[in-house]
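In structure tokens below, several structures.
Each of the next two complexes has chain A plus one other chain: chain B in the first, chain C in the second.
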Partner chain A sequence: MMRVWLTPVIWFALLGVLAAFLPAMGSLFSWVQPGTDDLVYSRDSFYLLLQSHAWLVLVSATIGTLVAVSAGIFVTRPWGRDFLPLVSQIASIGQTVPPVAVLALAVPALGFGEKPTLLALALYGLLPILRNTLAGMDGINPGVLEAARGMGMSPAGVLFKVEFPLAGRVILAGIRTSVTINIATAAIGSTIGARTLGDPVIAGLVNGNTAYVLQGAILIGLLALATDSLFEAVERLWARRSLAV
Partner chain B sequence: MIELKGVTRRFGETVAVDGIDLTIETGEVCVLVGSSGCGKSTTLRMINRLLPRSSGDILVDGEDVNDIDPQALRLNMGYVIQSTGLFPHWTVARNIGLVPDLLKWPARRREQRVNELLTLLGLDPQTDAARFPHQLSGGQAQRVGVARALAGDPNILLMDEPFGALDAITRELLQQEMLRIQKQLNKTTVFVTHDIDEALRLATRIAVMDQGRIIQHDTPEAILRQPASTFVENLLGSGDRGLKLLALRTVGEVMERHPEPRRPASDTTGLNEADSLRVALSAMVWENATQLPVLSKAGCEVGIVKREQLLQVRP
Partner chain C sequence: MPVSTAMPNRVIPVLALAALGLVWVLDLGVVLPNRIVAGTGYGLYGATGWAGAFVVTALLLAAGLLATRPVPKRFPVLAVLLTAALMFLPLLLEALATRRLPADSAYARIGIGAGFWSLAFFLALMLTETMHQLKASRHLQLTAALLIILGWWVCARREGLGSLSLLREYNNQADQFTQALSVHLLLSLGAVLISAVLAFILALAMVRRKSWRRPLLGLVSFMQTIPSLALFGLLIAPLAALSEALPVLQALGIRGIGWAPALLALIAYSLLPMVRNTFIALMEVPEAVVDAARGMGMSERQIFFQVKLSLALPVIIEGVRITTIQAIGLTAVAALIGAGGFGTFIFQGLGQAAMDLVLLGALPTVFLALAADAVLSALNVRRAPGD
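Showing the complex of A and B:
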């Protein structure tokens, strides 16, 4: 039980420690950027950036999950089935649009700052969740659903006791993909004025300071790894619960 | 009692079920038989309202099913399908306890009922209850499917080709179990199959369907003796009609009973009262005998059955 959580805890601890001590480790970066004293990004604290970055991802993932799962449920009900081809097409075509384009398109609508970033992240992030919700629902043996209805379960009962538990792992995998992509995409939000771990990367690119770029990139990478291992743990727990109660 | 009056179901332009009338008496097993696409499953699914009907009336004990809440209606109708439809994420016990759970039975009673049904269906409450559906063989899974359908003690049992996916030996075993259970419980049963032998074996009455209509609705014997059309004749197959007729009767019905049970001669093979005449004839051919003793369960000879008696079944 506890061992499942060990890996994510280690990753998150490493992330926290690094965010706190990077400013003190400036001399370590002198080899990438020799000939200057300005070795650590200092416009904002890394903690603040990390917090804001994680918040953006969390809020957009929550919105994306709610919208995508609701949409997935809607089009797999008898009264919404007419929309299934349309929605599943949107879900797959949407994936081909690069996240940067979504970000750029959000600016004219919402201006600069966190709002357009949030919108772009939520919109882009809901596609993998939607696709996996549809795949998960579609993967359920039709005989199981037929029996569930035929035995007298209510539609809500079928959804919560049969469809969700059976499609849950696939949906969860969709959320995992979505969050991982959005951790990376949120960094690009810095280009349109959101405060994220992308700030040092962008500043470093603009000023020709590789140390900044490296610091931002390390923290973003760690955040992605830590979050991913968290999902891994949840998925494992889910599999254990659904097969060996 | 289930009554269908002029029931029709259309899918777009095609008519799947075409104005059928059918009355299924309480406690009888009505088998709907026909080739695939003849509308038999559609008919079954209209009874528990998994499919809405296009026109006509379906009454259960005099009440129109459309006036009953669909969930309440289905809770009183056990439903067994070919693919079993067991919930893969639930244990056998929880699967069987589904309807008692929906009916909000107390946990003790539910548990008792599950054990009772596992035993009735020849499963072991100790070991099988905690297993998951993927750990069961096809035959075991379908036993659980039947147990689940019976769990809420419904008045009506709907079975949609329940044994269609099983191998011949398992299928025959489950047919025997079904006959035994039906004798005990007397559920009003609607059973769909494309297998005429299964129909002849299990049915009180058979409804032969073709292209959405009922061609003939009668007892197995009457259908065998007087098929209403060439379609029914072809369905029955002409090659072994006599043997099929023999299969409908049991040894107990035609044997000459001894006034007192006797000790059997030790070297003879004996028949059981429950054996069909077809089995009896086969045994006589194999033993090259003109008559065979009938043995009770205890091993006493209770009577004899003669070859000429078998051959007089068709008057």
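Showing the complex of A and C:
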């Protein structure tokens, strides 16, 4: 059971250790940026950037999940079913729009900073979750729901004891996609004034300092891989549990 | 006759009411004294006067009401009404320009407000729902979209909208715009093409050799997980070093920044959807079909090209569609490492706080992605019924 968690723990540990010790490893970066002493990004600590990056992704994923799952429930009930075709079209057409464009368009609408980034991330991130929620809920065999109702289950009972367990894995896969996209988009968010691990990369690109770029890029990559392996572990546990039942 | 014709539609009235609320609350447009300074916002009434406000309000109410009435032919009427409304929507901004733009300033310009975008968005949603109720063919939907684009193009060429800041920004940068378009297309389509060839070879190898499947799929999904900014960044140092070491590469223009790392990263990202779809498509050709073909005396070569590949094509094209959309978006990010394309306008605009420059980069990027989606989906629909 515990072995499932081994990979994510290793990734996150590596991420934490690097975030803490990168400043001390400055001389290692002298090969990419010879001829300068300015080898470590120092405007903010990497920890602070990591924290703020993770916070942005976490909050936007939470908002996105809540909104998408509620919308998914709404359009699969009898009284909301009229909206199902439109909502599923919004989910699929919306995903055609590139995330960086959503981020850029948030600025004319809302200005620079953390909040526009958060809103753009939540808005864009809810689309894959919405799409998977619809696929999961709509894909349930109607006979199963009929049987649950026939057993005398209340609508809420059917939702929580039948529909969620059956659609859960697909919804979780949607959240995983959404978080992967948002970790990447949040990094670009530093161009619109959010404080993220993209800061060193952007600063390095602007000043021609490859050491900065590398430091930011390594940490962003590690954050993405660590998070992805966490989802992998959760999905594996889920699969094992549903097999056991 | 479908049941829906007789039933009141609840979706369109809800959308119409939402649009009505937003268009009355938000600013339709902004009058800006120059390129950077924030301007004065005008709502629907302030921007277009009572005539414009009446037309917009009446149109939304009529559309909402019509949808609830069991009138025959209401959806065709709605389709025409909404398409026409969308076509001529920019005239609202022209009204703002004629009424509110100071005549004595050469720098004053009109910015597009949240009210305008909301109205356009909700009208588009109402049209989408109408098309769904009509069970409209892809041709009809495409025609409506093209009519709307034509309408906007005609409006943009009118004298009255010359003061629209987005158009001014475009006129300032017309040459760069054309160049950005060609770089953007070249980079994204080039990456799609190269990765399609690579993915096809990899997928064939995976079909033949079972032991390659897991490691190859693992590798391409690993690359997909790495955020774009990080991958672009990570490629800079090795490519710079390579280009220092090999003068041949330098002569070709391959450096740490620019198109080379962008193209490499784009190809890396394109591999996952391409390989996965091609592999699945080739694997899912039913064994019985292959047997039948063999029984008819087809050679292995004929079976591959005429049976397997043609059955697999829709799923492969779906992979190309996903990849192309993704590549168009990522190319915009690649502007950060100096690759050019529409992202250049986005990031320049963000740097200068010139919002219309941001729009000039972001809107064409969105448009390219939507157009690629439309074209490649249409290709698939045409092929799907058994040819």
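As a working rule, the second predicted complex is superposed on the first by the 244 of 245 C-alpha atoms of A that agree within 3 Å, B and C clash if a C-alpha of one lies under 4 Å from a C-alpha of the other, contacts with A are read in each partner's own complex, and residues count from 1 in each chain.
The criterion applied here is as follows: a residue touches a chain if its C-beta (ideal position, glycine included) is under 8 Å from a C-beta of that chain, and two chains touch if they have at least 3 such contacts.
The structure presented is a predicted model; accordingly, all values stated were derived computationally and were not measured.
K.L.:
Clash or fit: chain B against chain C, after overlaying the two structures on chain A?
P.N.:
They fit: once the shared chain is superposed, the two partners occupy separate space.
K.L.:
Applying the touch criterion given at the start, work out whether A:Val144 contacts chain B, chain C, both or neither, answering first, second, both or neither.
P.N.:
In the superposition, A:Val144 touches chain B alone.
K.L.:
Going by the contact rule set out at the top, does A:Pro108 touch chain B (first), chain C (second), both, or neither?
P.N.:
A:Pro108: touches chain C, not chain B.
K.L.:
May I ask you to name which of chain B and chain C touches more residues of chain A?
P.N.:
On the superposition, C touches more of the residues of chain A.
K.L.:
So, does A:Pro165 touch the first partner chain B, the second partner chain C, both, or neither?
P.N.:
first
K.L.:
One more residue to check, A:Gly152. First (chain B), second (chain C), both or neither?
P.N.:
So A:Gly152 only meets chain B here.
K.L.:
For the combined three-chain view, what is the angle at the C-alpha centre of chain A formed with the C-alpha centres of chain B and chain C, to the nearest 10°?
P.N.:
Given the fit on chain A C-alpha atoms, the answer is 90 degrees.
K.L.:
With both complexes superposed on chain A, which partner does A:Gly204 reach: first (chain B), second (chain C), both or neither?
P.N.:
It touches chain C, and chain B stays clear.
K.L.:
Should A:Val40 be classified as contacting the first partner (chain B), the second (chain C), both, or neither?
P.N.:
Neither partner.
K.L.:
For A:Leu123, select first, second, both or neither according to whether it touches chain B, chain C, the two together, or no partner.
P.N.:
neither
K.L.:
Report, in whole Å, the shortest distance between any C-alpha atom of chain B and any C-alpha atom of chain C after the two complexes are superposed.
P.N.:
Across the overlay, chain B reaches chain C at a minimum of 6 Å between C-alpha atoms.
K.L.:
Let me check the overlay on chain A: which residues of chain A are in contact with chain B and also with chain C?
P.N.:
Overlap of chain B and chain C footprints on chain A: empty.
K.L.:
Which of the residues in chain A end up touching chain C in this complex?
P.N.:
32, 82-83, 85-86, 89-90, 93, 96-101, 104-105, 107-109, 112, 180, 183-184, 187-188, 191-192, 198, 201-202, 204-205, 210, 213-214, 216-218, 220-221, 224-225, 228
K.L.:
Touching residues of chain A toward chain B in the complex: what are they?
P.N.:
By the definition above, chain A touches chain B via 141, 143-154, 157, 162, 165-166, 242-243, 245.
K.L.:
Could you pull out which chain C residues touch chain A in their complex?
P.N.:
Result: residues 9-11, 114, 117, 125, 128-129, 132, 222, 224-234, 236-237, 240, 256-257, 325, 328-330, 332-333, 336-337, 343, 346-347, 349-350, 353, 355-356, 358-359, 361-363, 365-366, 369-370, 373 of chain C touch chain A.
K.L.:
For a test of understanding, state which residues of chain B touch chain A in their complex under the given definition.
P.N.:
Where chain B meets chain A, its residues are 48, 50, 71-75, 77, 79, 81-89, 91, 98-99, 102, 132, 145, 148-149, 158.
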